[in-house]
Amino acid sequence: MFIGLVRGNVVTTQKVAQMTGRKMLLVEPICVNEAGDDWTATGKTFVAVDAIGAGYDELVLVTQGSSARMTEGTGDAPVDAVVVGIIDSVHALGKCLYKKES
Amino acid sequence: MFIGLVRGNVVTTQKVAQMTGRKMLLVEPICVNEAGDDWTATGKTFVAVDAIGAGYDELVLVTQGSSARMTEGTGDAPVDAVVVGIIDSVHALGKCLYKKES
Amino acid sequence: MFIGLVRGNVVTTQKVAQMTGRKMLLVEPICVNEAGDDWTATGKTFVAVDAIGAGYDELVLVTQGSSARMTEGTGDAPVDAVVVGIIDSVHALGKCLYKKES
Amino acid sequence: MFIGLVRGNVVTTQKVAQMTGRKMLLVEPICVNEAGDDWTATGKTFVAVDAIGAGYDELVLVTQGSSARMTEGTGDAPVDAVVVGIIDSVHALGKCLYKKES
Amino acid sequence: MFIGLVRGNVVTTQKVAQMTGRKMLLVEPICVNEAGDDWTATGKTFVAVDAIGAGYDELVLVTQGSSARMTEGTGDAPVDAVVVGIIDSVHALGKCLYKKES
């Protein structure tokens, strides 16, 4: 899985039937830097199906590949990336790098 | 999934039987830039089977890997990338980055 | 799938039983450049099983991952890349970039 | 599989049901350098489910893709990376590069 | 598949049960250069299960992904890379680039 930052969303009208009704998020994978005290942008963006109700600017956990079809709503769909969780906290090198505001 | 720009198409005559009759598009993955107001080219091109009737210069949603075999027409075919939708709009950082002309 | 240029071949004598009798090609993925009028080398080379009878210096279509096991000859084999077609023509940005000599 | 260095961990509260109770580690893939006498950082970080009880700063073996669902605890879960072992030693170019302190 | 150079090996004691008794090799993917007369190092190293009895400094053929579970010994194991053959010769651009000493 990778840590993704939700940057926006993607809408498609003309699509294969199995994609109907799916919320698709634009996510950017981000990495923890060497010192463990900040994020490194990857500059890449992917589209992931939202299985959990994530929103803009949230940090999420994204599962890729065939495993993306293992959530309740994505079985047998042509889906290769799914948001499986909203991240509450990330600890790196013994310190708290990120804590979601509640 | 990734956002792809349809750059052209590929034709093969001599091929395995399961590839017969498939329209194959040349797609370039593109990413949203850091500011969310433009696209970043990746310089890579892939070939994806068209499952939806996409055309030249359209922005499309491409599914990769085993999930590419989950559309009605691609089951059990040696296909690892399929166009599953034509993109209508992309919102990034709260603004509309792209809206398909109708 | 990716567009590959056949650069040569690989021979193995000591191998797992399911690899016996397979012709293995050395392929380099190539991409279409931004202007659509030339190829970009990737500098990478992979080994793909030949399912179609491709030869040296031909442009081929290569399928990767579990989908490489979906051709008649590769089912249940430990194969992650297969040549599924020989490319006849590539059109990019509305022009013909490549046409196979017949 | 890749060799990963455990850099920290990730906590999610809101998640798909199948992710409940899983310990998720932040791992950085590392490579052996050309001389075989040191590690090369990749600067990338991924999240892997812990199947073995690994801890901070340990070197671990990480399996990716659908094979990550082949451990006792991860079958049918939307998991694409799992820690399958704690590394005791790495030999490279005939010398011992790493030996876990006991 | 990729061509790998065996750089060493990895030992794990604490591991999931299905990994018991497997010899794990440290392999570096290498590519053929543009002129076809030498190798290009990738600087990356992966860990692959040995299914054939490969040794240090040998050139091997490595299968990745779910296909790595298709050898006799790796079915249903959390394994995403396996050495399926020892390379005898590589021909590139019509010349012999590599021939294994016998």
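Note that the chains are named A, B, C, D and E in the order they appear, and that numbering of residues resets to 1 at the start of each chain.
Please note the rule applied: a residue touches a chain if its C-beta (ideal position, glycine included) is under 8 Å from a C-beta of that chain, and two chains touch if they have at least 3 such contacts.
Quantities reported herein were computed from a predicted structural model and do not represent experimental measurements.
Peer 1: On the document's contact criterion, could you list the chains that touch chain C and likewise touch chain E?
Peer 2: none
Peer 1: What is the touch distance from chain B to chain D, in steps?
Peer 2: Shortest path length, in steps: 2.
Peer 1: Same or different for chain D and chain E, when you check if over half of the residue numbers at their contact belong to both copies?
Peer 2: Homomeric contact, different residues on each side for the most part.
Peer 1: Based only on mean CA positions, could you tell me how far chain A sits from chain E in angstrom?
Peer 2: The answer is 32 Å.
Peer 1: Taking the mean of the CA coordinates per chain, how far is chain A from chain B in Å?
Peer 2: 20
Peer 1: Going by the contact rule already set, what residues in chain D reach two or more other chains?
Peer 2: Within chain D, the residues that touch at least two other chains are 65-66, 68-69.
Peer 1: Touch as defined at the top gives a ring of chains. Read it off for me starting with chain B, then chain C, then onward.
Peer 2: B, C, E, D, A
Peer 1: Where on chain E does chain C make contact in their complex?
Peer 2: Residues in contact with chain C: 1-3, 31-34, 36, 40, 51-53, 61, 63-72, 74, 82, 84-94, 97.
Peer 1: Please give the residue numbers of chain D that touch chain A in the complex, ascending.
Peer 2: These residues of chain D touch chain A: 7-19, 24, 26, 28, 41, 43-48, 56, 65-66, 68-69, 76-81.
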